[in-house]
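In the two complexes below, chain A is the common chain; its partner is chain B in one and chain C in the other.
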Partner chain A sequence: MTASRTALIGLIALPLAFSCAFFLVPLATVFAASVTSADGAGLTFASYARILFDEYHWSVMAVTFRLGILTTLICVVIGYPLAWYLVRIVRWRSWRRICVILLILPLFTSNIVRSFGWMVLLGRNGLVNETLESVGLIERPMRFLGTETGILIGLVYILLPFVVLTVGNALAKVDRSVEHASADLGASPASTFWHVTFPLSVPGVVSGAIIVFALAVSAYVTPALLSGGRVTVLAVLVFQQYSTVFDFHYGGALAITLLAFTLAMIGLSSLVSNRGAR
Partner chain B sequence: MATVVRSQPQRVDQPSESGQRELVTKKKANTEWHSGCRLLHSQGTSSDFERVTNFVGIIQHPDNRLQAVQAPACEACLKSEQKETTMKHLTVLLCASASALLVAAPTASAQPQSITVAWYGGNWGDAFQACVATPFTEATGIQVVADIGTSTTTLAKLQQQASAPTLDVAYMDGGISELAEEAGVLAAIDLDALPNGANLTDDAAYRNGNKVFAIGGGYYSLGLTYNTEEIGEAPTSWEALWDEDYAGAVTIPSPNNSAGIPFIFFLNQMMGGTPDDFTQTFERLKELDVASYFESSGAANNAFQSGEVVIGAHFNVGAWALIDSGLPIGFTVPSEGVWATDARLHIVEGGPNPEGAAQFLDMAMSAEAAACLAETLYLGPAVSEVELDPEVSRKLPWGQNGSVEDLMFFDWNEVNARRAELTETWNREIAR
Partner chain C sequence: MIVRALLRCHAFLALAYLLLPLVVIVGASLTTSEFLAFPPQGLTLRWYEVVISDPTYVASFLTSTALALCATALAVILAIPAALAIARNEFRGKAAFASLLLSPLVLPHLVLGAALLQFGGAIGLTRNFAALLVGHVVIVTPFVLRTVLPMLDKDQLALEEASRDLGAGPFQTFFLVTLPQIRTGIVSGAIFAFITSFINVELSIFNTTAALNTIPVQLFNYVQYSVDPSIAAVSAATILAAAVAIVVIDLTVGLDFLPDDD
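This part shows the complex of A and B:
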């Protein structure tokens, strides 16, 4: 009895200590910096006031969250059919396995390398522009780098696997007998999908969307590389304050603001999806 | 003799795969060390032996720490070994375990046996290793452990470790150097005490009052870089950046790059603005149709390499690396001049081996090290009497016929004081 209790405490204490050391303590440090002033005069919300009562910061947040929401939507729209293909259409086991490996493989490479890859592809003389020109879709090279479109392409590419994996998992768990029952009761395949399968896969979609959204709004490397310094997102602004301006108070406040808004967005979306599910 | 000596740390570096990896490695390390000792002893004179023991005595652990073992231990073992030749095997074992104890103890040697130096990554770090660290180790027997990071990460590290520094020497760029001095993490450098101190040009000793807090390790500049296939003749003015022909294919540093804010100072001065008023410069910057504002030298390299950028401001170090690799790139010093800065060396306040650190700086101030850096990175020497090939000279930061006199420097304290404000203006007016 006591042995198992000790084991249980150990089981809880370990992750708790880990998250304290590597998550809560750094976060508390950032928060503490954000509510103090440079002269160390004590508690102040000046950094937050500077952010919240300034149109510029709202425009940066708008860019950040626009990119986050669009990335999430596109990932879900592309990712759902991909997951469906993987789970429902592929019959041949080996091929499915190959598909899953292909899906996961890019995750083993660093974001920096993959973003650099897109810099090459999306450049003025890059493969994308050359292909579009050769098929006659465009006459002059399109500008992708240094635009939100370029960042969006990079983010979707990097974050898509997360949606496919979570949705695929949810789809695999849907009880096929429920679908058979729906068909037996006279529902068309489309109707079965919309009224039975899709609602049952919604939790997977929501969790995938939350992961993608959180990663997209906090992404630094991809926007930094693909924006060419012309589009500013919050994470880039935070990095700039920390590493080149050395204003930890303002940088900290920016980081906490990003965190607060992201949590609020995630909270709101899960609230809405819960309502929808009911 | 040197070959025998140098093989020691490398050979013992191979970790054994057994469960008692560390112990076995230690034993192996000591056996190796002894054979090295014996060999040297039999070959060299006693003074040679004294000199090289420092070097032999360094053993690299599996965890990558370098540890010193004192010479007396080596000699004691050798003596006992001579006495008991029949029990050779046992003696070696005993010696090994005795030395293992010594190895396990913290470095207590009077002579510093290794120093930790923070420098930049990539070809910069490689060049510092080849031109300064390796000759330093060969001359003094003190190993150099590299700690790779950018200037800003090194400064952050120094601030975090202020109470118990692990670094001895830190390379940091101009600007960050002044911030580090302000943060109080730098020790005073006594140039008079260093043999090569007299080589250093006066401008390359950075002073805060009477304290020398940094020495120049070589100048580099931000000059006009262009694609020679697109632009036949070298542009003579920075105004070429605004040329309509190159619209959308220009790059200049972003304020997130260490050269970004000083480059704005440079443009401001070029355009006749006063240090109090940057309005006109920002207006012109807004008109500049860029492909990108580069954050790192590597990003600029990529942009020029892929043809994404046809003209821009780039470092002579990066530009010449591209040119040397056969790309159609040109680097030129326009009539308005170029802004320049330098990589500097600092001794860390309270570092573990201040003497070793001073000796390292001495090596960095040697004409050989400066010539080597000029040949590999095209860093302009900060020491006098450096003989260079004309082919190397023309690639230096001041261009074909220039000298350090032609470079434009700004007061870093002034630049740092305006850094936050100008970055903010940039964010609001340019990067949106």
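This part shows the complex of A and C:
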């Protein structure tokens, strides 16, 4: 018994020490700074009060949440049928493999590179504007860069694969015999989908949506590049406080807000997937 | 039938949307013009030459590679004992230990980067290779842990017991029996770890300097102020590297991102 105790301590000592030193303690430092003031006068919630009562901060929050919600909705609307296609319709294995590679390739590429691609596409004389003009949908170039629409296009692009993968996994797990039973009992394909398949895939959709929402709200690179400095989201505000203002108290409070929000989303997501598993 | 056709159409459009920015970058990197253009005006590899002969690009590429290699190696060294502890032992706080090690996977990297900057400042660990490295190890370790854990199943335990009964020591058993069986988990975890480290911006950005820069952070800084075809060439090179990595994964450990439904 003592021998296995020693062995166990030997196994966990190094990872535990590393994780405490460079993960837990640094996060605790941020939290500590967020509840203290610059003059070292002790415990204060002034930074959080500033977040709560500052109008500018509210507008940043509003933009962040609006982008998060829209990104999530659009990702689900585009992602669900794509997942269905990949799991249920494609039968030719090589093509399916190519599709999966196309889905994964963006995930293996830096956010910078992918956002940069959209900067080129969405510019004044970019492919998107030229195409819209040539088919006569618009008369003069639209402004995408520096607007919420531009950021939204980029975020949907970055996060779409996550929805497709989670929904695809959920769809693949749906027991086909239940669908056959529904069909045997005379349900049309549409009614089988709405009353049988779709409800069974909902936990996958919800957990995919929550992941995307959490990632969209905490995204930094894509909003920073596609906003051209004109639209500020929460993560950009956190970065500014840490890199240019050096206000670890207010910045810390912003960072903890972002962290708490992400943790809440993850908690919600595991709640949903546990209920789905039951 | 109509529904199927619509779904096919939708899937083609969605896949095209996923591919479009990557195609645009590779295309723009080949232009003969002095400015970024898509479709490219003429075809040339000149911009790749510009990049290769630029010492700052080469230096940041080397930094990124060294950083990703070291972070991956350390992550493997930390994740394997942790996985053995979690899979083979019952102890108090096991769930907390596992979620502590896995949580960097889901927490915003930007917050972690800020935390490491602040904490590193307090202990004198900022803006050097070690400061970058510790952060990268924290975020890539979960990838290895997550792929190794499911490989440590009950069957192996029996083999390990057999090995010990036959007189092998714990280290001999680990290297000759356990390690070969979890190898694919380690390899695929290490590939993900390497890529995650190599493309990271949110964490690195706090600790890079003009002299010590990673490729993605350097691109990020350039792209905000000026864009020219040489940036497209660097970006295109990273896309091609990602494509090669995926093909390698597909051929070695296999791409099982979407399961078959039958």
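One rule holds in what follows: the second predicted complex is superposed on the first by the 237 of 278 C-alpha atoms of A that agree within 3 Å, B and C clash if a C-alpha of one lies under 4 Å from a C-alpha of the other, contacts with A are read in each partner's own complex, and residues count from 1 in each chain.
As a working rule, a residue touches a chain if its C-beta (ideal position, glycine included) is under 8 Å from a C-beta of that chain, and two chains touch if they have at least 3 such contacts.
Keep in mind that this is a model prediction, so the values were computed, not measured.
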| item | value |
| --- | --- |
| Combined model on chain A where chain B meets chain C, clash or fit | clash |
| More chain A residues in contact [chain B versus chain C] | C |
| A:274 touches, of chain B and chain C: first, second, both or neither? | neither |
| First (chain B), second (chain C), both or neither touched by A:225 | both |
| Partner chain(s) touched by A:188 [first = chain B, second = chain C, both, neither] | neither |
| First (chain B), second (chain C), both or neither touched by A:12 | second |
| Partner chain in contact with A:37 - chain B first, chain C second, else both or neither | neither |
| Touching partner for A:247 - first (chain B), second (chain C), both, neither | first |
| First (chain B), second (chain C), both or neither touched by A:131 | neither |
| First, second, both or neither for A:239, with chain B first and chain C second | both |
| Chain B versus chain C as contact partner of A:172, first or second or both or neither | second |
| 146-154, 164-172 or 218-226: stretch of chain C that collides with chain B | 218-226 |
| Footprint overlap on chain A, comparing chain B with chain C | 116, 119-120, 126, 224-225, 239, 243 |
| Contact set on chain B toward chain A in their complex | 152-153, 179, 248-249, 254-258, 260, 290-295, 299, 302, 306-308, 419-420, 423, 427-428, 431-432 |
| Footprint of chain C on chain A - complex, ascending | 4, 7-8, 10-12, 14-16, 18-19, 21-27, 29-30, 33, 78-79, 81-82, 84-89, 97, 99-106, 108-121, 126-127, 157, 160-161, 165, 168-169, 171-174, 176, 189, 214, 218, 220-221, 224-225, 235, 238-239, 242-243, 248, 251-252, 255, 258-259, 262-263, 266 |
| Residues of chain A defined as touching chain B within the complex | 56, 59-60, 116, 119-120, 123-126, 143, 145-146, 224-225, 228-232, 236-237, 239-240, 243-247 |
| Touching residues on chain C, where the partner in the complex is chain A | 3-4, 7-8, 10-11, 14-15, 17-22, 24-25, 28, 36, 38, 77-79, 81-82, 84-85, 89, 91, 97, 100-101, 103-104, 106-108, 110-112, 114-120, 122, 134-135, 137-138, 141, 170, 195, 198-199, 201-202, 205-206, 216, 219-220, 223-224, 227, 231-232, 235, 238-239, 242-243, 245-247, 250, 255, 257-262 |
